[in-house]
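Residue numbering begins at 1 within each chain, and the chains themselves are lettered A, B, C and D in the order written.
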Amino acid sequence: MEGLAIKILGAVITTIVAFAVGMTYGGITRKLTARVQNRVGPTIFQNFIDLLKLQSKKTNIYHGVMGHFAPMWIITAAITVLMFIPVLHPGTAWYNSWFPNLSFHGDLIFLLYMMVFGSLGMALGAGQTGNPNSAIGVTRGLSQMVGFEIPFVLALVALMVQYQTTSIQDIMTVQRESGVWMMFSNPFSFLAALFASLGMFRYSPFDIVGAPAELASGPVSEFGGKYLGTMMSGGSIFAFIKLTLYVDLFLGGAYSIPELLIKTFALYMIPVFYGWVNPRYRTEQAIRYFWGWPTALGVIGLLIAIF
Amino acid sequence: MSITPVHYIAVPLAAAFLIPILSKFHKETARIIPGLVFSYFLVISFVLMRQVSNTGIISETIAGWRAPWGINLVFGYFSGFFATLMSVIGFLTWLYSYRFKLVDSKPAMSYYILLMMLVTGSIGIVITGDIFNMFVFLEIVAISAFSLTSFYPGRDGAEAAFKYLLIASFSSFLILLAVLLLYTQTGTLNIAELSTKVHLIPQSLKLTILVMFVVGLGIESELFPLNGWAPDAYSQAPAPVGAVFAGVVVKGGIYATMRVMFTMFDINEMGQILLILGLITTIIAEVAAIKQTQVKRMLAYSSIGQMGVVMMAIGIGTEDAVFAALFMMFNHAIIKGLLFFSTGFLLHNSLTKTIAEMKGVAKKFPVLSFMFALGSFAIVGLPPFSGFWSKLYFLMAAADAKLFSMIALVLAVSIVEIVYYFRVVGVMYYHQPDESLPTKQPGLNAYFVMGFLAALIIGVGVYPDLITNFLHAAAYELTHKTEYVQTVLTQFVR
Amino acid sequence: MNTLALILLILFSGAIVAFLSEKVSKFLPSLIAFISITAAGILFYTSPADVFNFKLSMAGLNFTLKIDEFSRLFVHMIIGLSWLASMYAVGYMQNKERQGTFFFNMLLSIGGMLGIVAARDLVSFFVFWEIMTWSSFLIVVWTGADFRRTGIWYMVFSAMGAYAMLMAIMMIYSDIHTFNIDEIIAAIAEQRLPHLVEASVLLLFGFSVKAALMPLHVWAPNAYTQAPAAYTAIFSGVLSKMGIFGMALVLLSMLKFANPADFSLVYINGFIGQILAWLGAITAAIATLYALIQTDAKKLLAYSSVAQLGYITIGIAIGTPLSVMASLFLAVLHALFKGTLFLAMGAVERQAGTTDMTKISGLIRRMPWTFFVTLVSIISLAGVPPLAGFVGKWMLYEALITNGNVFMVVVVFFSSTAAFLYSYRILFGIFLGQEEDDTAHVKEAPLSMILPMVVMALLLIALGTYPGLLFDPIAQGMTVLGFENVTWQMTVLSNVWGNTVNLMYISTTIGVAFVAALLFLTLKGRKGSRNVGTKDISTSGEIPLEHENLTYQLDFFKPFERAASPLYRRKMTKIYDDLSNGLDALFDFTRKIYTGNGQTYALYVVIFLVALLIYVQNTL
Amino acid sequence: MCSFDYQTIMSISIYGSSVVLMLLGLYAVLVKKNLIKIVIGLSIVDSGLHLLFVAVGYLHNGTAPIFSPEAVDKVNQMVDPVPQALVLTAIVIGFATTAVALSLVIRLYKHHKTARIDQIKSLKW
């Protein structure tokens, strides 16, 4: 019983940490982008402020049952995936035990599918609202997802085959024992995964899904108030999840929170930098982009992993 | 007066003679007498088959002259099967065409006489033991077939009959020449004695005789290069006659080929050639059938194809193969009969008799089109119907002989068969009928005939043992000719 | 009277009675069909396991029918799905005419399927296979629409498959003169079957026609769309699994038992298995791509069935215990969710008139139950975690990765990701988006149609967290096939490398998180929230008019189609069209031999006579 | 040396003429276009065959095969009766076939207004 209490407490803390980190990264990015476009830009905590404003809205409209469920799907997916990501190495620091990784070390294939759970739920909600823009946004999002999944899967399969395991925990232990980060032991898979992460975050070059000017922020265009707030928090938790996943798989996993923060922030900056300099791709260009060099790199990584 | 095989021939000839006279007094007699004759045929075959089952092959001498000199009639399992089949088909055809009138209302006296002659001639071929006598019966069948083909006064009937006559006279010339050469070499015309003496003939002459027989009888059993006449004859003859052609006349030709191949000469010489001929016939016939627009011509080509497969089975020559051939002939007779009968009424008033004319026929003639659909399902060889078993046994016999490429071709051809039969069924069931379709419902006798055939198809399909052991005995009797020769020749010792 | 024979008898006689009863009253055939299937089901489930074997010797051949553990799994599928479909059909076929023929053929094909699964010798296997084929043919053409392209092509492809099988049976017969499957397996073990390779390739050809593998799948989309929805559930749910059953029979029981000492046999099995697996993978990918661009919901589902069958074929073809378990699990699952989907499409077609997605949209308010059922089966089709689809997909991936064919994993993953696209397409196409004016009158489908669908949906949800319910019969079946220890627990999946996925944890976490979010949102926003229709949307300023329907239906995945355009270029049907035209011209040429001139026929006779004489003289 | 005595000359000439007749008839049937000429050709072929039949049974200065009291010892002098019986039937059959053929030719001419066989091919393929 006592272990269970710790686990629940740990779960709540993990969610809060993930939520906080996700939001602040969003704020920092907005600040940096503004600085690059030499304007002042909002405070780092702008996201929190927006969230509070949204949550405080008294009346909000919803378009039927699925519209009501859409934000719940996202937040559920975010929290569930969070539960199965091993956030920190079971190391010395006192608070390591708080970050629970449920008994079966988080299986990679389960994660691949769970991430889709969230976006499918949102897509259904968007469809129910009846707004054509949201439907177009959803189709673009799903098509782009097919695009970047290929290099991502190639990278993951290379890892799985090489180390004969499908769980993240084992890959972390391999990196811990060998001391060599996966980034260096099979660089091609890492590069392929990195390209895939560009698509995953739906940041500037691949932000056609919610293209602000054209589609009035795509799938979420009909959601206001609490719904939008829940969606935003879900989105930021997802950002944190993806970052920790990459850190665990390729950067040797973190031993302590600060180390985790540094690594995740570094990783997060790559798509942001890339986004600043690239114009927005059309959907088929994005798909062709992902099926081009990233897939080739992934295949090379896979071949190396096999032989 | 005990029933003997000669009744098969004597009674119908007498009846044929009486009909013109009697019909002077009362018009209907022309219709009733053939019925009596055919039912008497059924009685004879029933009695004789029972007698054969307990005493073995019956050999009856005619006019007192004993076997090698006089003509003798032989009635065993093998000939019995053919005779019974022919009399059943004959009876059913007569019953189906009871209401049959020529164009005007006068009952077609000539039609009934010719029909009776056709069936009697074929039964004659089947039960005679003398080779020249078989030739004479072949000619009787041929001549009555010419006149039946040209029965309708229209233009095409005469053309089809003339072509048939032209080719059939070639066949009679060749068979007569072969019989003559056989006589000069062996000095006898009796099949049983011939089989004992045939090895005396020098090899090259024996082969020539064999080739003449194959070509002569090949014309009758519609082998590939020789069957130019067949599609025309089938399509121009009246529908019931088409069923008799498919069910009876072709069987006569094939019986003669089997008797020549198995009893007189030794089969393995010509087996290979027959096999290849049969294969080519099937392929070309089925391929031509798929392109046909007229229903009866399509049925003609399909029955040529079926006969090709039977010829292949004969070519293989083993006892199983002969059993499969007999089973296929049985199936072909009843299924093709059903198909011809049902098309007869479905296309009763249409002149061109094309498939397009059968559009949406199922709405107006539900039972008839059901019968046609059942027939096409059976002939293609789908399981619950009898066609499947005969195809299965044929393939098993071919598999024993390791002829896999041939099996592949036969199966490919049966896919072609599926296409054109189901296409017709599709036209019948799944198109809207145009109003002009005449709604002349067939009489009760036609329904009875078709119902009996359909019941037979399903009965044999569900429980094939009804006739398989009977056919095994016939196949055994053909392939082991010693018993046949014994009973015929021992006659004159007694 | 042996119970197995009794079951078959009930079904076949029920078919005949249903056919004749149409004359009595329009409503009777569907009732009789339902009653006979229930009777068969009760008889099957109440009698003990060992009573199911039945010997019959007829026409010189002996037929043995036996339901062992492995075929029992398929019998569950057949009886279960057809029972539910017949319950559904009572409502669905209400005002249609010619119901007699429909139920006659339905019962006949169900009987045929039971026969196939129970057949222990090749001839009865073939007999039931043909009965199943032609009875399903008669249902495919039941509506009579487009008879030539759908009906004739279906019959020709199934005939090709069936006759390839017959050819193989004859090859086996010519070697060991028996049709009994157990004797054949023994003969293979002792290498007394020289024609093994050709026979197994032909058999697999026949089965892959029915399982709609890539080059032979052309008939499937049209056939599944044309058949009435009540039957398509059985048709694509279970009838296609007969191809899988056959493949399992050949690959797992026949070739598997070849003793490994003989290198060629193991090589053959591995070699054939690999080719079949790759065929399955390519089928899955291409069929999913074609499913994306369809506008008719039933056609989309048909292509998706072809894709799902591709996954199942991969599982069977790989041959490791985990992959076979995955494929059997997926097979049963596919029967469930594809059955539900087709029944749902039938309900939509019956209520809203058409399943063409460009004509109807926004039915979620009118047909909530149908939407719920479609949602559940789509989620499990896509393989998203809480439901059972994920379990099947997970096992398939683990099997592929642990078995080392990694590139196949990528192809399968590509097709399953693309599956999300068409899953969303069908949900959005019919149920979401703005309402059409003329579908305002649409009411929910009657209870007799909703009930079976809801039962199947609940089953899918239950299997999501407790896959053990289905693992138990599969494991028993596989032990019969000879796979020794298949490790499974009630809720935990594990692969060869020891990695496990505990479904209980997943479901509880999702459940807890969902309820928490639900409470948070509904309670907090209860007072102020206002439910507005789908017309009150902010489309950058303008307000859509009342009759204007802005739902985005046409060219739904055009960008994806443009991106993957090289994959769409080669259309398989074109190849078959050219082939059939070529054959047609050849046939037209050959029939010209009969020129119609009597004299030429006479000439043929003379030439043939001379040729034969010369040939015979010098050869014999 | 081959002595061309009277008997061999007779048999060779008979057999030769029957073969010639057959070939002649065959030529007429295969080449001539007119229907009536074809029917005539057919009957020529038949007559050639009948001649052959009789020739087979021929015995140089043999007697008629009738058993009368004084002819009982000359059995080996008798001509073989069987082919003669056969030829009678064959002639009747040939006659019947020719009769039917001619009636068909009449009807063909009535419909087609031509007697050329290569123009009468409405039933083809």
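Observations
Simple rule for what comes next: contacts are C-beta pairs under 8 Å (C-beta built on N, C-alpha and C of every residue); 3 or more make two chains touch, one makes a residue touch a chain.
What you see is a predicted model; the values in this text were computed from it and never measured.
By number of C-beta pairs in contact, A-C leads when A-C and B-C are compared.
The distance from the centre of chain A to the centre of chain C, with each centre set as the mean of the Cα atoms, comes to 37 Å. Once the centre of each chain is set as its mean CA position, chain B and chain C turn out to be 45 Å apart. Once the centre of each chain is set as its mean CA position, chain A and chain D turn out to be 103 Å apart. Per-chain Cα centroids separate chain B from chain D by 30 Å.
For chain C, residues touching at least two other chains, in rising order: 591, 594, 596, 598-599, 602, 606. Residues of chain D found to touch two or more other chains are 29, 38, 120-123, 125. By the definition of touch given earlier, these chain pairs are in contact: A-C, B-C, B-D, C-D.
Per the touch definition, chain B reaches chain D in the complex via residues 132, 136, 139, 142-143, 146-147, 150, 153, 155-156, 158-163, 165-166, 168-169, 172-173, 176-177, 179-180, 183-184, 189, 231-232, 235-236, 288, 291. Taken together, the chain A residues at the contact with chain C in this complex read 58-66, 68, 71-73, 75-76, 79-80, 83-84, 102-105, 107, 109-110, 112-114, 116-117, 120, 123-124, 127-133, 135-136, 138-140, 142-143, 145-147, 149-150, 153-154, 157-158, 160-161, 164-167, 170, 216, 221-222, 225-227, 230, 282-284, 287-288, 291, 302, 305-306.
Within the complex formed with chain C, the chain D residues making contact are 26, 29-30, 33, 38, 117-118, 120-125. Listed in rising order, the residues of chain C touching chain A in the complex are 362, 364-365, 368, 375, 379, 382-386, 390, 393-394, 397-398, 401, 404, 406-407, 409-410, 413-414, 417-418, 420-421, 423-424, 427-428, 432-434, 492, 495, 497, 499-502, 505-506, 509-510, 513-514, 517-518, 520-522, 524-525, 527-540, 550-552, 556-557, 559-560, 562-564.
Residue ranges on chain B touching chain C, taken from their complex, read 159, 162-163, 166-167, 170, 174, 203-204, 207-208, 210-212, 214-215, 219, 225-226, 228-229, 231-232, 269-270, 273, 284, 287-288, 290-292, 377, 382-384, 388-389, 392, 395-396, 398-400, 402, 404, 407-408, 411-412, 414-415, 418-419, 422-423, 426, 429-431, 463-465, 468.
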